[in-house]
Amino acid sequence: MKKVFLTVLSLLLVLSMLVGCTKANKEPIILSTTTSTQDSGLLDFLLPIFTEDTGIEVKTVAVGTGKALQMGRDGEADILLVHAKSDELTFVDEGHGTERHDVMYNDYILVGPADDTLGLKAQFPNDIVGGLKAISENGAIFVSRGDDSGTHKKELSIWKVAEIEPKGDWYLSAGAGMGEVLRIASEKQGYTISDRATYLSQKDNLDLEIIIEGDNNLFNQYGIIPVNPDKNDNINHEGAMEFMNWMISEKGQALIKEFGVEEFGQSLFTPNAN
Amino acid sequence: MELYIENLHKKYDDKTILDIPRLKIQEGKITGITGLNGSGKSTLLNIIGGIDKEFEGSIRYNGKLLNKEIATNMTYVFQKPYLFRRKVYDNIAYPLKLRKVNKDRIEKAVQEILERLEITDLVNKKGHKLSGGESQKVALARALIFEPKLLLLDEPTSNIDPESIKVLEREIVRFNKETNGTVLIVTHNLNQAKRICDDIIYLSFGRVGN
Amino acid sequence: MDYIFQGFIEALKLLISFDPEVFKIIILSLFVSTTATILASLIFIPIGIYLGLKKFRGKRIISRIIYTSMSVPSVIVGLVVAILLSRRGPLGHLDIMYTPKAMIIAQTLLVIPLILGLTYNLAKNRGTIIEKVAFTLGGNSIDSIILIIRELKVDILVNVATSFSRAISEVGAVMIVGGNIKGHTRVITTTISMMNSMGDYPMAIALGIILLIISFGINSFIYSYSQED
């Protein structure tokens, strides 16, 4: 029994070394990004192709935008792919990043229970501010990310436009990723703001429908920022630059456009690098 | 209490531990059970004491099979007695409390038995913190206090000091004389058996010898 | 490095000022884990003692099942409860997913094997002799169970404390079935986990300190009693 165990163990070790070797042509990079790019499956689609093209392996840390930027400030990541434009510009201005480029955008949607008790879909099909006002006035359950992520910041900015301070028993702050928040909204039959990609990829398991979409307030720009290599010796700036250039290249942009078409019949992210 | 054992068989994995076709233990006497290690002494005591129920044959206590009334009228002091993690007083009082004796009488009875066994100074000590000799005396006191009709003792004096042995033997004999209670002692010490027993049973490989 | 020091200062401020949000989280943690531990203990301590003393066919298999399930990961327990309680699940009509009730259910299920296994083991190793003594002194089976509980009360209490310690420090089950909703289902461990993913350390450190104090208190209690023999 012990022998078998040892044999299996050593085989596993050898295998894992082999797997490691094939891609160790160049130093890997650490990409700190938001949960939305991970949960939607975009990175799973893009990264293997990038690694094949360049021999650089990408290690992804998917966190909220707040934490992603913090990792950049602490020099724990080589490159960031995030979506909180004003924070990103400050980040570069303060010298934490070397440059910033637009990569793509996606859009947010308000989702809610299929029966849409408040009738928002009929009244405000593309007016998010009107929708949020109705939700708060009626005390309908609204689930917020509450995790300082880009999506959370986006949501707060829209409440601000609507001149409402979201507070009360109806407003649930989950402190969780998009997938979890959608599940909570589905269980509680409440409303939430989600990025389209995550919603579409999970909608089969949810009792939620798209209620409001297409409002200008709901668009969301992603930016890519290589971290300033002066922070410490471990930062792989070369690899980071290669990744950035690949993402904004014609090939990278075309792949972003292609993602999701097969499965959902529409692109989940719209490339807009210039 | 008189004991009558008939066709007693006990096996463990095909190995015969006990094989006693007929054995009578007389009422009001002190009977010693002796023999080498592994001769079945303790097993026999466990069976008589109702702790080991896996055997063939029958044991009659005053003509009856073991029942609740018989069980409450006999007791068993183990080779390594278990004392409660409470005061010696509570240990000794326990059997009387189970029998719903009133508090004044319990106090008197405990005081009396403590004096007899010369352990009045232990009354407030915790049961689980006593030495071997002290534990044996407290365990015997706890057994004697309700005046059982049948007293079973498994090596009551092994590994303890001569002074304590003297006290224990004296009180066992006194109990027997004063209450006419039947006593069965398992002991490997033949001298002790000769000192205090009226009858001696010698066990060898699970069988009664001479 | 600065943010670590800064985090500590902010954490102490939160604790000293009795920040209501922090204290609500602490109280919910204590409430959920205490309730779960008490529920599991009341039902499964007697069962554990009974199983430990009783001789029956298949006892070895039962022991094995109990011991194995003592180490079930909390996320698995959370997952199972979530599947049962979610709107599409068999108990969805109860409508308690993402509430403290669901968290109590999950933690109760989590500590049941632990409290059962520990009590079972205790009764098997130390209860049998006490049962025999009760019998030889004229007690019936109820007398012997009472005696066992009284004799082993310190050890039983230590087992209860160990189970509570497991409950209050786990994050997997309460995260899944509670959802970490602010003011509703947010407990110490889920908040720490969330604050870390937000890069917001002060509250995480403050709650970490509290959790350490609780675990430290419980373990020093266990230690001092297990020394007293």
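The first chain written gets the first letter, and so on, giving A, B and C; residue counts start at 1 in each chain.
By definition in this document, contacts are C-beta pairs under 8 Å (C-beta built on N, C-alpha and C of every residue); 3 or more make two chains touch, one makes a residue touch a chain.
Source: prediction; values computed, not measured.
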Set of chains adjacent to subunit A and to subunit C: none
Chain occupying the most central position, where position means C-alpha average: C
Longest centre-to-centre distance from subunit A, chain (CA-based): B
Separation of subunit A from subunit C, taking each centre as the mean of its C-alpha atoms, in whole Å: 35
Chain centre separation (subunit A, subunit B; CA means) in Å: 78
Separation of subunit B from subunit C, taking each centre as the mean of its C-alpha atoms, in whole Å: 44
Footprint of subunit C on subunit B - complex, ascending: 49-51, 68, 71-78, 82, 84-85, 94-95, 98-99, 128, 142-143, 146
Residues of subunit A that touch subunit C when the two form their complex: 63-64, 66-67, 69-71, 74, 143, 146-149, 172-176, 180, 183-184, 186-188, 207
Subunit C to subunit A touching residues, read off their complex: 3, 86-87, 97-98, 179-184, 186, 190-191, 194, 196-200
Contact footprint of subunit B on subunit C as seen in their complex: 129-130, 132-133, 135-140, 143, 147, 150-151, 154, 229
